[in-house]
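Some structures are shown below for you to check.
Each of the next two complexes has chain A plus one other chain: chain B in the first, chain C in the second.
Let's turn to the complex of A and B:
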């Protein structure tokens, strides 16, 4: 296992300490229980957004804490759900009196632990939105139903903007649900990744193989295929994504090409170019774009493609100012 | 070779086409000769900044084109210098009448081809700054003198801010030279990378080996060592970086922990944390930070550490608004 770490048992703590000192103006980090909050939390009268999940997907979620996006993120151990007490402590820390929206990726452990936090919460109004945008498989290793993957990023951005403009909890929830209803993703891997604790790759792929529909923890996808050109990879992903909602000619969309952590930006822009050609052929308009490593699987090589159908309000919320470690504009 | 590409000979063209469509509001791309310019270039009366170099280091340099940073970038083939005609065409395109500063990383081919562009330029006032911040080796595969590496990023940011505030060519050059005089870097690799054209890794490393002082094209460094903990890796890099300028107790610095392309953010933040502890022990103050993949070597795993000694003016220029694909704040 080749990693820049000191000890497999302290990777998350040390990385969080690094985040805290690199972004001291923006973030505060609690190590026990483990959560990251906006430095200026709580914001009185604003709905607070709390997300979280296993570590190893950086910058998700801690890199999205800040003005216009999340109020708090709860990182679990690598690829392990955060505990209810983390979620509860974070929610208590950031609650500004207008309630808390929990944003949960659809994995069995995450859903259970966030729900338990809601049950334990006393005197805080809470709502939950579960994102399950991965069209690859119906059920998976750690999931009943579809997995939550790339769609989480625009969900957190857009719901965060709704909260920032002063929407109440029911309205922020409604916007979040509209994103979930209109976002679809699928990913693929060229290589596996290695959880520091285990020291072994999560799966193996031959030199000429790739995993189509892979999960963000290396869960099996739809099919192990022979390595193919980028245009074919993108077409396979987008056939499934576009066909699922479905997205139709004339739709305005956000196109998000995400790297799995080990794939360089030059390949992501190349895949983005393939996706633009594919969508142009279908008459699907790309009005907003995001290209880069935003929801990763440690050092896995591969990419995912997320499409979000945009209306004027979702576009405006996407464009609204955001100031986080990983996404920043307008401020 | 596992990559998300269509054809090794069209990787750069396709990735640039992707950048052009992903950032159509920000960038214009010319494919023959190949260069990227600000969409709003030329800016009348502003000194224009032009950089470039081999592709494969994304987001450098194209990701740094935009308000407050570069006016143009000239990408060569992967790990291959851009040609003089590219540089000249880009300079002519972005010259706003106040002259052009060429920012050149110190590689023999780059220096020669940028110099030839200066000789060919007729009627455009030009100046050149060469960055050679890599303390690892004196001469290298493609270099006489030190290599230009991570220091290029703060150089382009700070010189770009000086140009944006209205400094004349001599003043922007002077600021750029001050950055070069005060910035030092060193990098390391856990794995090699594969140039698409060649299809073979640029070098090989055993499962328990790393290359200390590696170049951004996989050039040999100082020493091939046994894999070590992050704290030791960072100490080895910083011993050389700090000792070189030297940086001293009480100095205010920008600490830039850069990923080589295949190393995930969780490891970069962990390395950043190690670096903060090391510098705190030396009494060197970190007043600005940058953590992420900004000057990469395709899918190479590894990191580099750059330290820039800051004064009030350099800090102010670092903080000034920037709007590019890869660095954005204040706007």
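Let's turn to the complex of A and C:
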């Protein structure tokens, strides 16, 4: 294992300390219990957004804390959900009196820990939205349900904008649920990743193999295939994504090509180009785009493609100003 | 357990210390099992949680068995993370409530506590027998403990539970996982022993060994 670390057991703490000092104008960090909040939290009268999940997906979620997006993020150990005491402490700190929306990716550990936090919460109005956009998980009656993956990024941006314009908790929740209903994603990997405290790759792939339908925790996917050209990889991902909602001719969409952490931007833009051609052939219009490493699996090579069907309101909320460590526009 | 039958708070605390030792000893193996079908952190996280429990017991051992179990619960909930934190934490929390106010645990109370723990795990995790989870170890363990509680000592009740749990854990090997991260593998989860069922077995076996050596 080659990583720029001092001690595998203090990776998250040291990274958070670095983040706090790099972005002191935007963020405050608590190390025990561990959470990140907006520097100016709480914002009186604004619905607060709290998300969280295992570390190793940076910039998700801490990089999205700031004006127009999240009020707090609770990082767990690498690929391990945060604990209820973190969620509770973060929610108490950022609650501006208008309630708290918890944004949870649909992984068993995340759901159980956030549920426990809601049970323990006293005196704070809370609502929860669970993101489950991963079409690689086919049959939800026989599994823990679809995983929350790339769709989390546009959801946090759009719900954050709704809260910033003054929507109440029920309205922010409703916007968030509209994103969940209209977003689909699928990912693939060229290499596994190595969790620092484990020291071993999460799975093994031959030089000429790729793993289709991976989640974001280094877990193996649904199918191992021979490596193929980018157009074919993108078509395999988009066949599942487009067919699932389904997206159809004339739809306006946000196309988000996300890197898993170890794939250079040149390949992500290449994949984005393949995706644009694929969608143009189907008459699906791309009106907004995002390309880059936003929800990662440590140093894994690979990408995921997220498609969100936009309406005028979702587009306006996507375009609204945002000022976080990882996303910034309009300010 | 002066008379070989009932457990005091101090007995429960030493049994929990034994669990911490065994979980720490097997953490690499548990994480390895988890890596096959999950994300490879089960052993590390559980060991971290029980190590934190031991640190709290070093500060002070609570007065009753129930209070010891409750301390274990709150520590696991705040230190373990993953699905294991809330699941093991809720198990200990329900066990604590089931034997609240008892100064000592007799064999029947141990079986009652185990049964309540199972109820906590199924309420929180919504898993049933046959879905390749810790329930596959805990369910037969509770049945065996309940059956043994009529005539057995605490050590015998716990040993019956541990033996049944080991059988239950082995039964997960041919099963397709239907809960948790392993479920995402579909049929590829078949052929692997469930890490949670394995840690439940280690936990019960170390409780049994601790009770037998008193």
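Just so we're on the same page, the second predicted complex is superposed on the first by the 325 of 331 C-alpha atoms of A that agree within 3 Å, B and C clash if a C-alpha of one lies under 4 Å from a C-alpha of the other, contacts with A are read in each partner's own complex, and residues count from 1 in each chain.
Keep this in mind: a contact is a pair of C-beta atoms (placed from the backbone, for glycine too) under 8 Å apart; a residue touches a chain by one contact, two chains touch by 3 or more.
In this text, all values refer to a predicted model and were calculated from it rather than measured experimentally.
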Contact-wise, after the overlay, does A:173 reach chain B, chain C, both or neither (first, second, both, neither)?
neither
Once the shared chain is lined up, is A:108 touching chain B (first), chain C (second), both, or neither of them?
second
Have a look at where A:279 lands relative to chain B and chain C in the superposition and call it first, second, both or neither.
neither
Once the shared chain is lined up, is A:90 touching chain B (first), chain C (second), both, or neither of them?
neither
Chain B versus chain C as contact partner of A:329, first or second or both or neither
first
Per residue count on chain A, the busier partner among chain B and chain C is B
In the complex formed with chain C, which residues of chain A make contact?
33, 54, 76-85, 107-109, 112-113, 115-116, 136-138, 142-144, 147, 195, 197-198, 200, 202, 215, 217-220, 222
Which of the residues in chain C end up touching chain A in this complex?
31, 35, 38-41, 44-45, 77-87, 89-90, 124-125, 176, 178-181, 183-186, 188
Contacting residues of chain B [partner chain A, same complex]:
2-7, 11-12, 14-19, 21-23, 55-56, 58-59, 63, 190-191, 207, 210, 227, 229-231, 233, 261-274, 276, 286, 289, 291, 293, 296, 298-299, 301-303, 328-331
